[in-house]
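Structures given as structure tokens follow.
The two complexes that follow have chain A in common; it is paired with chain B in the first and with chain C in the second.
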Partner chain A sequence: MLTETIETVPIRSSEDIVRVRQKVRFHADAMGMSLIDQTKIITAASEIARNTFEYGGGGELLLEILRDGARRGLRVTFSDEGPGIADIEQAMSDHFTTGGGLGLGLGGAKRLVNEFDIKSQPGEGTRISLIRWK
Partner chain B sequence: MPANFDALASAIEQSEKDLLRRWIAALTAAGATRSGQTSDKDLKDACGRFLNELRNAIKNGAGEDISSEQWQNAREVLEEISTARALRGYSPVETALFVFSLKEPLFDLLRQTLAREERLADVLVASGGLLDRLGLFTTEVYQKSREEVIKRQQDELLELSTPVIQLWDKILALPLIGTLDSARTQTVMENLLQMIVDAEAEIAIIDITGVPAVDTLVAQHLIKTVAAARLMGADCIISGIRPQIAQTIVHLGLDLQVVSKATMADALSLALKKTGQKVERIAARG
Partner chain C sequence: MDKIPILKVGKCLLVTIHIDMHDRLAMALQDDLTNAIVSTRAKGVLIDVSALEIVDSFIGRMLSNIASASRVLDAVTIVVGMRPHVAITLVELGVQLSGIQTARNVDKGLETINRLIEQSESTDADGDD
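Up next is the complex of A and B:
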């Protein structure tokens, strides 16, 4: 599988979440994703970007294009150096929240993409990557 | 009055016209005048006024500190010029060049006037420092004016994007456009609740055709707005749910807890029914 890095976007303020959505939209559109697939990956990226900012204390988004034979996909990876997640299973379950939200962000984002990967350790930050294949 | 500035003021006084001409030539050569944006007459006028105030300030004993009272008039001229340039879309460089372009002709003039005098170097250093401070001052003013423009645009956007429309008797419509961040959602909610009271509305249609993505935060804002409207006795209908938005809402597992319709027309038709009203086609006259 070939990986091509496009760019990184810092997430330091709530305005950056808007920029994340715009960047993801731009690249998803450029690789010819359908409107529905675009909207799915944008919404998922928006959820995780907000978590990175609110719970992870800010971080970074890495955008990559994947090539696997004839298949192409967009991978968005969010990483932060925040407090990390102690119980990933609990965090992924619907309606669980520590911050007064709806508690659907993580689980919802997972359902919106083809591949979802989360790595987190208490005190060592969180890294979440999402892939949507075209 | 510092002696160095004294020499500067008398040099300007002696050949003001010549200096003005060469300054304008330098400004043009540096590309700091945009033809069409600032007329030659305005530019000449601005340069003339600044030179005049610069000379007056030094004559009145102004020192190096350009924030002092003696520099008041010169600062006002620069403020006016910088602000006008910021509003007309000049770049910060083009704005700062207004003062910096004066350096070369002024230094030439000083070299001629003080040709064999020992104090020439001191006068040049003092004059250079003074022009640097004045130039930086224009950049500062420029920056402030741009910030004001941005602030004003943000305020305009906040108001523009949250209109509440009386659609029919007892029916309100709230078309949402763009990103729903918390500041805007707050305005939206306040406007809607106030309009519900003012218009004695029973139904509020919230249209999200112009919202590019509905994530859990947007959904949460919508749910709160609907709940608050309900407490005031008005029911909400959400309209403008496009196919891709409907799919993402389902995948996210969101329950909007409200009646929704694909188009504003469908929502209006439902609202009319709920409020016991009817719109009929007039029979062809004939």
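Up next is the complex of A and C:
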């Protein structure tokens, strides 16, 4: 599988969450993704970007285009150096929240993409990758 | 800071969300709209989301909060113009938008809201007899 890095986007404010949505939209559109697929990955990215900002204390988005034979996809990876997640299974379940949100962020985002990967350790930050294939 | 304008039309407040809102702007709209319901004595709130390309859980929660607060303040809220790809994505995300009335466009929304206002006013009148 070929991976092409496009760009990184810092996540330091709630305005940056809007920038994440705009960047993901731009690249999803540029690679010819359908409107519904674009909307799903943008919405999923928005949820995770907010987690990165609110719980991770800010971080970074890495945007990559994947090529697997004839198949192309967009991978968005969010990383932070925040407190990390002790119980990932619990954090993935709907309606679990440590903040004031609906608690749909992680589980909801996972439903909107084709592949979802989360790596986290208490004290060592969190890294979440989402892939939507075209 | 940007602000989402709130217009008074008859007994109704009309809000068109025309930009991709960041979270603080969404919170400000929620507060402004709740205050405006009281200060203008509006009986209905119509929120046009037809320009929105995505609605995530945060914006979804804002819409639910506005609907709940307006109900407590004796006003009805109708969300109009949600795009189909936005609607299907919201459902898959798991956002229920429970308690929110919807309509296809502003015209239909105003029709519904005026009917609801008339109903509630005639019930009030009955209660006075």
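Note that in this section the second predicted complex is superposed on the first by the 134 of 134 C-alpha atoms of A that agree within 3 Å, B and C clash if a C-alpha of one lies under 4 Å from a C-alpha of the other, contacts with A are read in each partner's own complex, and residues count from 1 in each chain.
Here is the rule we use: contacts are C-beta pairs under 8 Å (C-beta built on N, C-alpha and C of every residue); 3 or more make two chains touch, one makes a residue touch a chain.
Quick caveat, the model's predicted, so the values are computed rather than measured.
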* Superpose on chain A as described above, then tell me if chain B and chain C fit or clash. => clash
* Asked: Of the partners chain B and chain C, which touch A:E47 in the superposed model: first, second, both, neither?
  -> both
* Is A:E89 touching the first partner chain B, the second partner chain C, both, or neither of them? -> neither
* **Which of chain B and chain C A:V18 touches, first, second, both or neither** => both
* To do: Have a look at where A:L35 lands relative to chain B and chain C in the superposition and call it first, second, both or neither.
  => both
* Asked: Between chain B (first) and chain C (second), which, if any, makes contact with A:G105: first, second, both or neither?
  -> both
* Once the two structures are fitted together, what part of chain A is touched by chain B and by chain C alike? -> 14, 18, 21, 25, 35-36, 39-40, 42-43, 46-47, 50, 94, 101-102, 104-105, 107-109, 111-112
* To do: State the interface residues of chain A toward chain B in the complex, per the touch definition above.
  => 14, 18, 21, 25, 35-36, 38-40, 42-43, 46-47, 50, 94, 101-102, 104-105, 107-109, 111-112
* Asked: In the complex of these two chains, what residues of chain C are touching chain A?
  -> 20-24, 53-58, 60-61, 85-86, 88-90, 92-95
* Asked: Considering the complex alone, what residue numbers of chain B touch chain A?
  -> 179, 181-182, 212-217, 219-220, 243-245, 247-248, 251-254
* Please give the residue numbers of chain A that touch chain C in the complex, ascending. => 13-15, 17-18, 21-22, 25, 35-36, 39-40, 42-44, 46-47, 50, 94, 101-102, 104-105, 107-109, 111-112
